[in-house]
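Letters A, B, C and D mark the chains in the order given here, with residues in each chain numbered from 1 onward.
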Amino acid sequence: MAGATPRMAVEIAGIRMRNPVMVASGTFGYGVEFADVLDLGRLGAIVVKGIRIEPWAGNRAPRMVETPCGLVNAIGLQNPGAEGFIRDYLPFLRTQGVPVIVNVWGRTIEEYKRVATRFDGVEGVSGLELNISCPNIKEGGIAFGTDPKMAGRVIAAARKVTKLPLIPKLSPNAPDIARMARAAEDSGADAISLINTIPAMVINVETRRPELANVVGGLSGPAIHPVAVRLVWEAARAVKIPVIGMGGIAEARDAIELMIAGASAVAVGTANFTNPHTAPRVIDGIKDYLLRHRMRGVKQLVGSLGR
Amino acid sequence: MAGATPRMAVEIAGIRMRNPVMVASGTFGYGVEFADVLDLGRLGAIVVKGIRIEPWAGNRAPRMVETPCGLVNAIGLQNPGAEGFIRDYLPFLRTQGVPVIVNVWGRTIEEYKRVATRFDGVEGVSGLELNISCPNIKEGGIAFGTDPKMAGRVIAAARKVTKLPLIPKLSPNAPDIARMARAAEDSGADAISLINTIPAMVINVETRRPELANVVGGLSGPAIHPVAVRLVWEAARAVKIPVIGMGGIAEARDAIELMIAGASAVAVGTANFTNPHTAPRVIDGIKDYLLRHRMRGVKQLVGSLGR
Amino acid sequence: MQPRKQTPRLVRARVREHKALRGDYRFLALEFQAIGSLAQPGQFVHLRAPQLAARVLRRPFSIYSAKGNRLGILYKTVGQGTRALAEVAVGERVDVMGPLGRGFPTDRTGIVPVLVAGGYGVAPLSFLAGRLRVRGVVFVGGASARDVVLCVEDFRKLGWEVRTATEDGSRGIKGLITAPLDAWARKNRSQPLEFFACGPDGLLEAVGRLAAKGRWKAWLSLDKHMGCGLGACLACVQKVRDASGKETWARVCRDGPVFEAAEIVW
Amino acid sequence: MQPRKQTPRLVRARVREHKALRGDYRFLALEFQAIGSLAQPGQFVHLRAPQLAARVLRRPFSIYSAKGNRLGILYKTVGQGTRALAEVAVGERVDVMGPLGRGFPTDRTGIVPVLVAGGYGVAPLSFLAGRLRVRGVVFVGGASARDVVLCVEDFRKLGWEVRTATEDGSRGIKGLITAPLDAWARKNRSQPLEFFACGPDGLLEAVGRLAAKGRWKAWLSLDKHMGCGLGACLACVQKVRDASGKETWARVCRDGPVFEAAEIVW
């Protein structure tokens, strides 16, 4: 076996990461919450919880319910707003030696533009993930995610106001993910990420009421992993820009699957709750895999699906 | 507790069933295969594996792979054709005292018309489930399932050639399930059923090849149950015709959830593999529930979601 | 917004003791380095129930005892997770993260502490009873005798007066614990009472109301379904009023689980 | 298209014996009413591995022994399901369905039976060795000694000659079992040989080729991933040639798992 240490570093949309394993938006707060139990410096990148230009209260509780091999959440994008984030959280993140990607959202194209403008040139921010697919807000969020034209307009608007790498996050609900991915590429995206959660619902049969205050939420976790692999594969074949894959990663083999399907980097989401040490374990597991398969680096793995 | 025995019988699209628990197409063969281990007469109805007008060989193997709380299949609709089914399987089914719903499909509108024509007036067939949503065939099947106009044309064509109750089976991939449900209703459907499997993919990381010969397949099982509940809820609110709910039912509470969301009947699919006794257990569980909640019958349960 | 000073740990802790108590309650003792000096009453640990492959979330449990390297939890089997936990054998390892959250204040003096427990709410209060500087009264309520006898002897040994009530009357006064509590508080109206409560929301709300009437403080430990347990996912939120009177969401896992009653917006 | 006469049953069977053998192999004995008279060699049971909540499929295992009310299986721990099965204790119950499928023909006379086993393929062949009317030779192959020593004594006690080969040479001839098998068959070219094989596809294909050369019959037990186990889901299909020479799909679970080599289209 053995051989030289495989190359784990990657560069996605100009963002240099020491390995391809990021943590997914909304599952890792603003980093500080996990710093107690994890060395943040080990991560490829941190994607923070979705930020709007102004603060947002999110949905009423309950906001989360467990399901078979997954969970359904309807947090509703609660966040302190761009200023609050920059003031209260970014100083800490700047000291961690890890790229920070800010997940941003708006209820209108204008709001996307404002939040993208605000982050342009802010020290310590390496890129913007444009959440055009969150199922938890009613003001158009879902329309941006399922209609390639609308998505294109949001991305183009953000493109004009920031030099930061732009990474639109696609919805699994888009009827044709390849078209959506191409629309993103054509509108100036530097990379795309997918998948966001799948719209879902849980009913408490004893009370005959929805388990979530918001009635509907988004399904995540290992349950959706096979859906994520399919969508990443379809999207990666459709575009030249890099794809960041996520959805149900619980161990290294799940991440490797997404990379073979075409993802240049991956993000761990729900599994951060199951075990906060998931991301470092996935990193170690990918390295072991590369060694075992005598591969020089992660690049060789990306899109390596044979038939 | 106690009270009178709750009324389990339902009538869906004119089909009388002794209880609302059916078995889902493709997971119960043509009934005869399960007759060894199960009294078929206990079921609400049997939906047989998808039938085309001519025989069809299906996909190459492997055709099935297990995933977290689910499985991905790409059987590819292998079937003996309408004549083969009527000759080899229907005589046995006629003797079982249970309504038989034939799941039919075609690669073109013409094929749907031919197969619907063939079953019109055939003794022992209580209804037709039109599979317009199978992800496993490439010849247009998926387009019928995601485009309300195409779906409407298929249903209208079948409507003209048969007096049998018509039950289009909707795809979870339709971008707007309410529109799709209304299109079905407007085109002459007597009921709708959902959900079919969610397109998905699994890669063997050791060989870096797809686990399924067909590369992509459909995800079913408990993993998708919360997605099914959401889609059934959305569809049921959009139409007046009855909805048959399915997707990840493994125990009575899953079926009850779908009924509270608006399903007038339900079907057990993947769980027939986990435990062939699932359907009778679900039936008993629904009855217990109705007793415990002092409900007169299943009708009271249907669409009983409170806020 | 810095990490808290008292750092929680994530370890695979060995099971040292595991036994059934009365009713559906069980006691689990884990080896956890220096937990005795780390843990505050009212804090909790977030456990991954073993052999629960179909479940993605951990389960939170109050710290019931913490001495040296021995962490004890007292739990009730209610669902899949706790039933899976009940199967764990001595010598096996359990994935545990903690101590987490902000607990009860233990340095209060010049007060008459009144502890109010509902069901498994006795767990953190039993720990608290040994750590408070003063002794007082404990009110323990539950559905039946099986729910209230837990810890009663522990409280007494520590010098606390114990009063019980059960809904079925099988032990102590018949009815909710809030009835004898209200009566007792009325009689002790002039005392510098201070409440410490853990139990279902209804109980906590009632204790809060009682405290407000007498202008007493009440420390309430909330029970919310949790995701991360670390303050990141915003699943466990409770509406509170901040210092300026504005309503916001607090995270029960990190800003709590213990809150002063006046903060909470029910 | 009628249900088969010999009806499989679905029961919660009590574990009577469960022990580790060599290597990763284990033996499990279940209480199963009248299995001795029901089961045919080559048939299998479909087990639900307990405590495998995240898994929706059963696992198929050949019947290794069937006497009276005692069903034995010999299995190798390879993944999640078999590892979960290994945890089952005597006295617990396991959800089992069977006997399923069509096994080996046992009424053959006037032949020299040649059994060829790879890995856990010894399980059904060991059962077959006791039920065939005539005795012959058994070839057992595997990766190392740990894979081939299983059942060797059983075969000998039943009056069979045993030859072994291992890939690492730790027992018997070094290499694939097909080498000594081919050599032996060449020497016994004029005998009325008949092959009965169970193992990986490569082994089965080789046995089929050998049989075709000598115009012998070969009964091959196929190992396919299964869904329902009853013939309903069409997951376990194998391409075969029917009586009229047409290629069709056979269901390994119901039309097999044993097929005559000439039927199979590799």
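Descriptive notes on the structure:
The rule we apply is simple: contacts are C-beta pairs under 8 Å (C-beta built on N, C-alpha and C of every residue); 3 or more make two chains touch, one makes a residue touch a chain.
Quick caveat, the model's predicted, so the values are computed rather than measured.
Contact with both subunit B and subunit C is made by A, D. Set side by side, A-C and C-D show the greater C-beta contact count at A-C.
With centres set at the average Cα position, the gap from subunit A to subunit C is 36 Å. The centroid of the Cα atoms in subunit A and the matching centroid in subunit B are 34 Å apart. Separating the centre of subunit C from that of subunit D, both taken as means of CA atoms, is a distance of 56 Å.
Taking each chain's centre as the mean of its C-alpha atoms, subunit A lies 47 Å from subunit D.
Residue numbers of subunit A whose C-beta contacts span two or more other chains: 68-70, 221-222.
Shared contact sites, meaning residues of subunit D that touch two or more other chains, fall at 53-55. Residues 67-70, 72, 146, 173-175, 198-203, 205, 207-210, 215-216, 219, 221-227, 229-230, 233, 248, 250, 253, 256-257, 260-261, 289, 304-307 of subunit A touch subunit B in their complex.
Those residues of subunit C lying in contact with subunit D across their complex are 51-55. Subunit C contributes residues 1-4, 7-10, 48, 53-58, 95, 97, 224-225, 227-238, 249, 254 to its touches with subunit A in the complex. By the touch criterion stated above, subunit B contacts subunit D in their complex at residues 26-30, 32-37, 49, 57-58, 61-66, 68-71, 73, 75, 78, 88-89, 91-92, 221-222, 250, 270-277.
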